[in-house]
Amino acid sequence: MIEYDPNRHWLRDIRHLGTSWILRRLVRATAITGVYSVAVSVALIRLDLEGRRAISGTFSLLGVILGIILVFRTNSAYDRWWEGRKLWGSLANHSRNLAIQLDALLPGDDVELREWFSRLLADFALALSGHLRGRVDPSILAGPWMAEARVPPGSPPPHVPAHLARVLVRRVWALRDAGTIDGFGLLATQPHTQALLEVAGACDRIRRTPIPFSYSVFIRLFLLAYAAILPVGLVPEYGYLAVPLVMLLVFALLGLELMAAEIEDPFGLDCNDLPTHAIADAIRADTRQLLGLACNPAAAAPPPYSKVF
Amino acid sequence: MIEYDPNRHWLRDIRHLGTSWILRRLVRATAITGVYSVAVSVALIRLDLEGRRAISGTFSLLGVILGIILVFRTNSAYDRWWEGRKLWGSLANHSRNLAIQLDALLPGDDVELREWFSRLLADFALALSGHLRGRVDPSILAGPWMAEARVPPGSPPPHVPAHLARVLVRRVWALRDAGTIDGFGLLATQPHTQALLEVAGACDRIRRTPIPFSYSVFIRLFLLAYAAILPVGLVPEYGYLAVPLVMLLVFALLGLELMAAEIEDPFGLDCNDLPTHAIADAIRADTRQLLGLACNPAAAAPPPYSKVF
Amino acid sequence: MIEYDPNRHWLRDIRHLGTSWILRRLVRATAITGVYSVAVSVALIRLDLEGRRAISGTFSLLGVILGIILVFRTNSAYDRWWEGRKLWGSLANHSRNLAIQLDALLPGDDVELREWFSRLLADFALALSGHLRGRVDPSILAGPWMAEARVPPGSPPPHVPAHLARVLVRRVWALRDAGTIDGFGLLATQPHTQALLEVAGACDRIRRTPIPFSYSVFIRLFLLAYAAILPVGLVPEYGYLAVPLVMLLVFALLGLELMAAEIEDPFGLDCNDLPTHAIADAIRADTRQLLGLACNPAAAAPPPYSKVF
Amino acid sequence: MIEYDPNRHWLRDIRHLGTSWILRRLVRATAITGVYSVAVSVALIRLDLEGRRAISGTFSLLGVILGIILVFRTNSAYDRWWEGRKLWGSLANHSRNLAIQLDALLPGDDVELREWFSRLLADFALALSGHLRGRVDPSILAGPWMAEARVPPGSPPPHVPAHLARVLVRRVWALRDAGTIDGFGLLATQPHTQALLEVAGACDRIRRTPIPFSYSVFIRLFLLAYAAILPVGLVPEYGYLAVPLVMLLVFALLGLELMAAEIEDPFGLDCNDLPTHAIADAIRADTRQLLGLACNPAAAAPPPYSKVF
Amino acid sequence: MIEYDPNRHWLRDIRHLGTSWILRRLVRATAITGVYSVAVSVALIRLDLEGRRAISGTFSLLGVILGIILVFRTNSAYDRWWEGRKLWGSLANHSRNLAIQLDALLPGDDVELREWFSRLLADFALALSGHLRGRVDPSILAGPWMAEARVPPGSPPPHVPAHLARVLVRRVWALRDAGTIDGFGLLATQPHTQALLEVAGACDRIRRTPIPFSYSVFIRLFLLAYAAILPVGLVPEYGYLAVPLVMLLVFALLGLELMAAEIEDPFGLDCNDLPTHAIADAIRADTRQLLGLACNPAAAAPPPYSKVF
């Protein structure tokens, strides 16, 4: 995610655009539209097919309808992005709250146990970040949790975040059974241990469920048809002035669609995607601090962006 | 549900359109509109009824009003679809969380008990998927739960998901009474056992309650009237150019209505409907893994689509 | 509520329109508008007051503003309707979940106690359905709960659903005090017993609070003024063609307002209102089944509709 | 709040308009606009400044933008009003549920204790109603709670609803300590005792936080500028017909703004404000009944309206 | 935050505008647009490039599309602002509810303990207010909490609100272990102690996550392009009248964007930002009162505004 200060100097931020994946697609599409518009204009004007009728009114109507459909599209994509951000914020909150409860519940001098929990919480966030990007690399996890998984041969690979949550819950119950914490302590940790899998499941839902296929195709077909006939509609009235107008309209409408398609899955590595890796790092630092452990500020290498904008 | 990658190569996805049920209806309706428009145009122009008045303005107003009504319609249908998806995600989350709690609570060597619970949870999701499509085939359930139902003769057939939830709750209380789990263990499972029926009830609500009948009829009447008079309004200004414009407008507006009607009930077998069967399979695999049971990756045969798009 | 299959054969559903209360109002209003428009058109054209100015633009602006106000109106009314539906779904869920818990908690052979609870839950839904329609007829209740109310003379009649919830809570606590269920059993029933009154109160809120009076009057004044001057605005440009256009606009805009006014209170007996009686019947059948009681499928007579559409 | 039947005879409700505060402002503003428009028209036409250009198009664009800004404004104001209504409904629900729990928990013959709780709950609602209107008159409270407050000299006056909630919670814990109710009884009352202050705080938030100042000023500046130049834009095309059109537009747009400003704070004494006093009365009657106390239907004098509409 | 009475005398409030940061930017931008428009008009008219085509229609379409995009932008920014306000209201509610519970639970004569808790709750709000503005000045905290943090050398500075929540939770568990409060007392405080960090995390999320970078740049690019070509579109039709129209359009559209960018982060010191400092003061006063402590109304110096409007 590109971090920027939304209130000032936004012109300076435009420098990011040069490397932008969406912008490149958008600029390419707008340029193609321009070439096409010029061709249509030349054909209509040279062949004297330029009508005398003012027909742009219905094109405005089509544009307005397309505009409100795209706002629906934008809203639905933005809601996913924002819900994803809320889920990761909630993951950080639950991790911190769980660390605070454990800090009060665990014996003050059992550093090993505190290490264990802080590592597990940090690894859960890391594993979820990887899981949402397709696969989890066990080597980035700080603890040897996967060794315990004992996947039977022939079984599919385990759901890593779910497995980590399982390890956590087992340990908490074991502490209760051993008398280290009592029933009320267990109750105090439960909302937070349960929340881990709820966050993971909800993120999975967002990742796996784009807008229904029909809408996706419908909007793009409509956009394509509209861009195709727009020069035919505007040239008779506007002459060559139609070319920049068509390009600006296509820029606006196609831009909405492309941006919506990009933020719809907020867990990738695009520049608009959520900084899940950075949040996982913050969870590691905060839980260590709240459990009273030394925290070495290992500079987390920023993950490479596969595309920008 | 058709799975697709929303960011690239969408043109390739259009190949699905050929077998699409909604698209066929949409294309048919658009074609009929085209024929009708041509007839109106010919009549108006031949009979020299072509006015000299520019009257498309009010047709634009009607189109805008129709557009914002259809966006309301689309929003309400999409909200049901998305709520349905959330409910099934929540079912998976609760099943996994329950499996994690049971894994910590149940004796580690009582494989039979663990099998029992994992089977029940998987069957609940399967039964709910069937229930939402009209009927539950008992033969697809892995456990003999229905035998316990003892439906008195003359009674209606039981609500299968509710019956399964009942069997589950009875067993948990029995384990508490037998001392296998204690009161705190019971409290830890309760949010999840209660959630099963809440999900089932909310899905039922979505399935049984389409948009109020008045709106459904009103929108379609309005669409029909608009499509009927649109050529009359556009031909005087646009001549034969009115035909493709009318067809594009009908494609846009009717498409919104047809897609909304289709995703309104997200639990069927349409290509936009939710992959409830696949989610039930995932629940089966995950709960087995989390309860420490071997998981044979029985390739779940994909359910046939009754219609596509 | 008229049940219909939203995906097919909707033209067949139009047969319901003939008996529709809203449609009759709408058709009457549209017809009056038509007569008025004809009168205005004749006057303007005969008296040669027909201007040469194209003035429909500002009328379009007014129409668009009115349209977006009416979408706000529609959204707010629809939200109430949908919230009402959710509340009744939640009532069914809580009744079922409570029945499941009681089934596990109550002694298996105490049929009388199970009967008592299933009757109370069914009666609560019935009483709430009556309460939301103005009054509760005690004779439709299966149990003699009201006899216990002991309303002091001079007091107003009791709030029947609240009284039933009170009877239920008293019994649960009495069972706890008698040792039939323990504290954890009590905790398991509490979310459900509390939900009964929450549903009742929220339904009451929806029923008693229509959209603020100012908005209701403002929208209707605006509609009236708009319909009154619309012919004056359209006749100079459109001639007699203005008459059907005015009628279609009034049909669209007034239809939105009338439908919103009707679904705003979803607990009546209109055809768009919620099938509260049918849901109460389903609660009766389900709770009996879940408590292991025989369930005679007494065909619940459908309540008469006071008006249709 | 004016109560009205939204489905019929709304024309009769217009009689309330004569005494309406907002309507008077609206009519005054519309009349001023009319005078101003006439002056502009006369000037433009007399001085022959009437252009030949059709320039109303951009004025429509400005009107549409203003319209969608005002719908945003209306939505945000309406959400506060509706949230305020939900909060008071929730207060009534929690009061009733608390009364039901206390009815089951308190000794049946301790009328004094039951009186104490029912009085406190009714007074809480009354005090909150007063608090939201600026100050609480202690003389309307039925119990001598404020005497216990022992405000130290020099301190600001206490937050009355918070103080009442404190008295309530103290008493419940004292009953627990005295053994009248046990821990599970305490747990059963806790969601309801906590909800009291949550409702109070949320109402306070709505009352104290109107829409951001920038938006309020921006919208009114925009409205003022638009109304000022509208005649200049419409007279060249419409002649004197511009005057009623300008007045109708100002009526529509300014009406939205004034109504939004009025319902934004729903706790005053305007006719659209919530009937908090009546809800407090209902809470008093219901809690008495649910606690088994005689309820004298003291006709609660309706609070005077400071302004209507 | 500027406090104002939304219902009257708003013209008087305009006096705040003179010192407004956003207004100055808006006025500057509008003035630049004016100069630019004059230049374009002069060039087009002098050079006789003034077309005879009426081409403002497509500019209206672009304006409407820009308008609905800006309403999406406004909604998303306003939602953050309002969510921020809700979070601080919820912080005040939880602080008050916690104070009420502690008041009932703590020994009545242990003034020192009560002082401790009231100080901690007030400091939490103060620290959160500072944290959201970039850094926490430990000297404004009333208690020596940070001394306990014992940050190991080399570690980053601690997250102050999280540390305060940790101190609070430790103390509550210590009181339980010492027998001052029992398990049920602990359960009663837990929802409130957990809420502190949830509020802090959610505020952090709002502060750190502006609208996706793509949207921010896209909207501003679109605005810039639109403002640049607007005079070219309007001058042919409107002549010099285009200048004020262009300026008003830019004022409206750019104003929406600037205001949205400003309220998006509601925790700064702008005049639209939330009065977090004042809320923290209110929490201090209320918790002291509810814990029975003397409350000296130390006039909290209002924080300086870095910019107004």
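Per-chain numbering from 1; labels A, B, C, D and E assigned in written order.
Throughout what follows, contacts are C-beta pairs under 8 Å (C-beta built on N, C-alpha and C of every residue); 3 or more make two chains touch, one makes a residue touch a chain.
Only a predicted model underlies this, so the values are computations on that prediction, with no experimental measurement involved.
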Item to check | Averaged-CA centre spacing for the pair subunit E and subunit A, given as whole angstrom | outcome: 24
Item to check | Residues within subunit B bordering two or more other chains | outcome: 54, 57, 60, 64, 68, 71, 183, 187, 262
Checklist entry - Hey, how would you classify the chain contact layout here, line, ring, star, complete or other? => result ring
Checklist entry - Starting from subunit A and stepping next to subunit B, in what order do the chains sit around the ring? => result A, B, C, D, E
Checklist entry - Within the complex, which stretch of subunit D touches subunit C? => result 1-2, 4, 6-7, 10, 13-14, 16-17, 20, 22, 54, 56-57, 59-60, 63-64, 67-68, 71, 74-75, 78, 81-82, 85-86, 89-90, 92-93, 96-97, 100-101, 103-105, 183-184, 187-188, 191, 234, 237-239, 241, 244-245, 248-249, 251-253, 255-256, 259, 262-263, 271-272, 285-286, 289-290, 292, 294-297, 309
Item to check | subunit C-facing residues of subunit B, complex | outcome: 51, 53-55, 57-58, 60-62, 64-66, 68-69, 71-72, 76, 150-152, 154-156, 158-159, 162-163, 165-166, 169-170, 172-174, 176, 183, 186-187, 190, 194, 197-198, 200-202, 204-205, 209-218, 220-222, 225-226, 229, 261-262, 264-265
